[in-house]
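Shared chain: subunit A. Partners: subunit B in the first complex, subunit C in the second.
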Partner chain A sequence: MAVAAPAAGQARAGRERQIHLPAQALALAGRSVRSTARQPEMWLPSMIFPLLIAAVNNSAMAKAVLLPGFPPVDSVLQFLLPATVVQGVMFGAVSGGSDLALDIENGFFERLIASPVARPAILVGRLAGGAVLGACQAVIFVVIFRVFGAHVVGGPPAVLVLMAMAVMVTLMVGGITAAVGIRTGSQESVDAAFPLIFILLFMSSAFFPAELMDGWFRWMAEHNPLSWMIDAARRLVLFGFDWSDAAVAVVVPGLISVLTIALAVRQMRKRLERAR
Partner chain B sequence: MSALPAAPSPARAAPGGALLGVARGLAARSLVNVTRRPSAVVPTIAMPLFFIVAFSGAFSSLTDIRGFPTDNPINWFMPWAIMQGAAFAGMGICFGVARDLEDGFYDRLLMAPTHRASLILGPMLAAVVRVLLPVVTVSAVGFLAGARLTDGPLGMVTLLVAAEGFALVAGLWGLGVVYRIREQKSSALIQVGIFVTMFLSVGQTPIDLQEGWLPHVARLNPLTYVIDMARAGFVGPITWADVWPGLVAIGVGLVVLGAWALTGFRRLVR
Partner chain C sequence: MTIPVEAVGLVRRFGDIVAVAGVDLRVEPGEVFAFLGPNGAGKSTTVRMLTTLLAPSAGTARVAGYDVVTEAAQVRRAIGVALQDAAIDPLMTGRELLRLQAVLYGLPRARAEARSAELLERVGLTAAAGRRVGKYSGGMRRRLDLALSLLHEPEVLFLDEPTTGLDPTSRLNLWDELRTLNLEHGTTVFLTTQYLEEADQLAARIAIIDGGRIVREGEPNRLKAEVGAPTLRIEVRDAQADVARTVLARFGAERPDRAGVLAIGLDGGAAEMTSVVRALDEASVVIEHMELNAPSLDDVFAEATGRRLEGADGDAAAGPGATPGEPAA
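This part shows the complex of A and B:
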């Protein structure tokens, strides 16, 4: 009995942690959102740079819409809207992973582990906070683009899909950056991973139609999952709402996010094992 | 432009205090640091290589637009990628100075019996050498991928002059920022300044094919003329009209940003 008592206590604590998981995740997500909101240097670049690039491309590639094979668009901005949303939330998601690494660097992560917080809540909270910001970012981009004449033909349902896609992309990138952050415990390493994500985005049809590319680059763009979801979202923006496009835009990043979050969970388990 | 603050009087008489000698020593140290920190080389070489692949791959059809100066996307984007590498080369030396300022090494340099102008000249010399990394590697990849000089080897000379000039200007901009902020986090501001200037130019398309607000900004942006000079030997016969605005832009940049760096340095040593 003397041996069984601590085991029973541990089991009870574990059950209590699971019961309180949503509340704990919510609290940590709230912390993540508040901490990001209080540091404009964290989220301003993820708003300004994609908008700047879109504004520059809108002017620089204005005549590209005349090329045979370019989709019929009101302006390049309309074509770029889904890519800008993805680019913006990717920036933000990287800073989410970077924050997690900072939590490890400054000891907050260790304090969380020492406290009676359900382990998944640490990860879920951080990712959920980023996802909320990603959805807000999508809405802000849609509004700004609308002001400059790029409207979403698919209407409010298409905007909802853009928001859902933004959430999934945040989870997808947040999962991989969290995995790197937990594995290395170094903010610098997470930041160094950013160019790789940026490269994936460039090697897709995000900024130019794959049909107008040549050779191996076209092959890469056509087989890049980012192209699949951005092209689907783009059809919602340019041509109107369609359930199959909506599904592709959300399910593709959703499936990848399952993999990346599983990777982050695995890294977290390993770190916890090392900490024992 | 006012003179640099004088170092302590023994400095001028010190045997090791010769301006060029110390500057060469500091430049060599900066270049050795490059070999010791692979992360410092990656942006200078890897990013321009990525850009030449990504831009000439993704935007290859842009050259099909009527009025585009060349039908070869590599010819258009290779000089642009090299200019990005030059920017990284110039900015890179500033990141090293910021590191020295943070860890106290720079204080020791300021205390040393050296001519203080060497503290600016040294990093600039390092930038001049460091530019050769992207020029050589990106050119090699570009020519293998199909880039062609349209007016003989002179095209490489104008490209090299443009890259060297831009690296120096970027370096002076960065030094001015670093001397004022004195921390490594100044790197973000340095990069933002450079990349915004690069984007608001003729990186992707020539001015005549741009629409809206960008061509007006690009015309006012001195970097536009430097990039035009860099591209001169890849889009047709090189004319003096392609080259002189770039040279003037580099000259003005060196004077203005040289003053910016010097005033920052004076604040630092005050």
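This part shows the complex of A and C:
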């Protein structure tokens, strides 16, 4: 009996934690969104840089659309919309992992750990906050591109898919940066991982059709999952809604995010174990 | 009634370094207990084990009746924690932090709101509650931290160096707050400090820790009484130091002190002062400075460790306002 009592208590505590998990994750997601919103220096670059790159490409590639093999488009902007969305949310997702590392650096993480918060809520809250911002950013980009004449042929369903893709990309990149942040507990390490993620994006068909590439670069682009995702999203923008394209645009980053989040969870477990 | 804190043979190693080398503790309900020691003595490491942030390498501890390892979740629910280097998010407002804390501790919303308002009033932050914490002064942050740690009405409150880095006024305010808390609400408080005065002023019982071990434990007055004789300090010219030391040896045992000061425990107390002066005069020693001090906690520390806490590291113990926060042990 004396042995059973603590076990029962622990089971009760475990249940209580599960009950509070959604509320706690929501509160932490709210904190994450609010702290991003309060630091314009954090989110402005993720809005401005992708748009600048799109503007530059728009001029640089103005004649490229005439090349045989280039998909028929109204404007280069229309072609670039999915890539710009992905690039923008990648910026934001990196800062999510970087904020998590900062929490560890300055001790806020320890404050959380000392509380009875359900442990998964710490990671879920952080990722969910980033996902909400990612979805908003996708809509903002669609609207801005529309103003400059690039409309989405797939209509509202395609925009919804772009939002879902943005959420998945945020989780995918957020998972890997969170893993690095939790492992190193250093904001600098996360920020150092940032260019690597962008190289992956540039080595895809995000900004140029793979059909017009050659050699090893073409091979890389064609085997880059980011190309599969962006090509599918682009077909929704250029030609209209299609269920299989919608599925590819969401499922590809979704599957990768399962892997990266598993990695982050593993690092979280390790960090919590290390104190044990 | 459950014992708020009880530790037996608590040990924590980091690789080859033994930060805590077998600590036994017992804190009684409603008590303010101070853990006093220099930097790196093992104070923070002990607190981190008691608050479930660090597992002991050996030994056991129960806090609020729960085991810190096997029942960590229950311990976390029952305690309030304000850690020395656990930052408060500077981008959030005081009220937002209290709300987040309420959710983390699973408090019902209505109760959390009422309690937040009450605590903000008590720590004098009602007007500042809507401002971002980044704009708060050091004292305001500590007071907010105190309010946060009290939100869920913990049975035991752990405060790790609550006044390190604060200016004297803020320090006195926080002391008042802690006294009220303990007197009116009966909250058990476990605090660590490197300031003698803080331990002396606040704690009903103290434990002095040095090198990972508790070297003295008890009520401050009883510990001081155990030291017995008051400390006589004199300063003389260097050339006469040896002569003076020989003379002083007749009146009591030498005690450690800072360089340039001769100190003894004056066995006969104040009544012996005239004899000391006469004896020094007969030996032609010129006294440059002389003082007699009732036994202090520093004397207790010196007797236990052979060193002074006061002035031990950059005069940390003497001037709390002067030392910025340093890394935890």
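The criterion applied here is as follows: the second predicted complex is superposed on the first by the 269 of 276 C-alpha atoms of A that agree within 3 Å, B and C clash if a C-alpha of one lies under 4 Å from a C-alpha of the other, contacts with A are read in each partner's own complex, and residues count from 1 in each chain.
To be clear about the criterion, a contact is a pair of C-beta atoms (placed from the backbone, for glycine too) under 8 Å apart; a residue touches a chain by one contact, two chains touch by 3 or more.
Computed from a predicted model, the values in this text were never measured in an experiment.
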**OP:** Report for A:66: first if it touches subunit B alone, second if subunit C alone, otherwise both or neither.
**Re:** first
**OP:** Go through the superposed model and pick first if A:117 touches only subunit B, second if only subunit C, both, or neither.
**Re:** second
Original post:
So, does A:107 touch the first partner subunit B, the second partner subunit C, both, or neither?
Top reply: second
**OP:** Figure out whether A:23 sits in contact with subunit B (first) or subunit C (second), or with both, or with neither.
**Re:** second
**OP:** Answer with first, second, both or neither: which of subunit B and subunit C does A:203 touch in the superposed model?
**Re:** first
**OP:** Once the structures are superposed on A, label A:56 by its partner contacts, choosing first (subunit B), second (subunit C), both or neither.
**Re:** first
Original post:
Touch check for A:31: first (subunit B), second (subunit C), both, or neither?
Top reply: second
**OP:** Pick out the shared contact residues on subunit A: the ones touching subunit B in one complex and subunit C in the other.
**Re:** none
Original post:
In the complex of these two chains, what residues of subunit B are touching subunit A?
Top reply: 39, 47, 50, 53-54, 57-62, 64-65, 196, 199-200, 203-205, 209-215
Subject >> subunit A residues touching subunit C - in the complex, by the definition given at the top >> reply: 6, 9-10, 13-14, 16-17, 19-20, 23-24, 27-28, 31, 34-35, 38-39, 106-108, 110-117, 275-276
Original post:
Which residues of subunit A touch subunit B in the complex?
Top reply: 52-53, 55-64, 66-67, 69, 192, 195, 199, 202-203, 207-208, 212-215, 217-218, 220-221
**OP:** Please name which positions on subunit C make contact with subunit A in the complex.
**Re:** 51-55, 66-67, 70-71, 73-74, 76-77, 81, 83, 85-89, 91-92, 96, 99-101, 103-106, 132
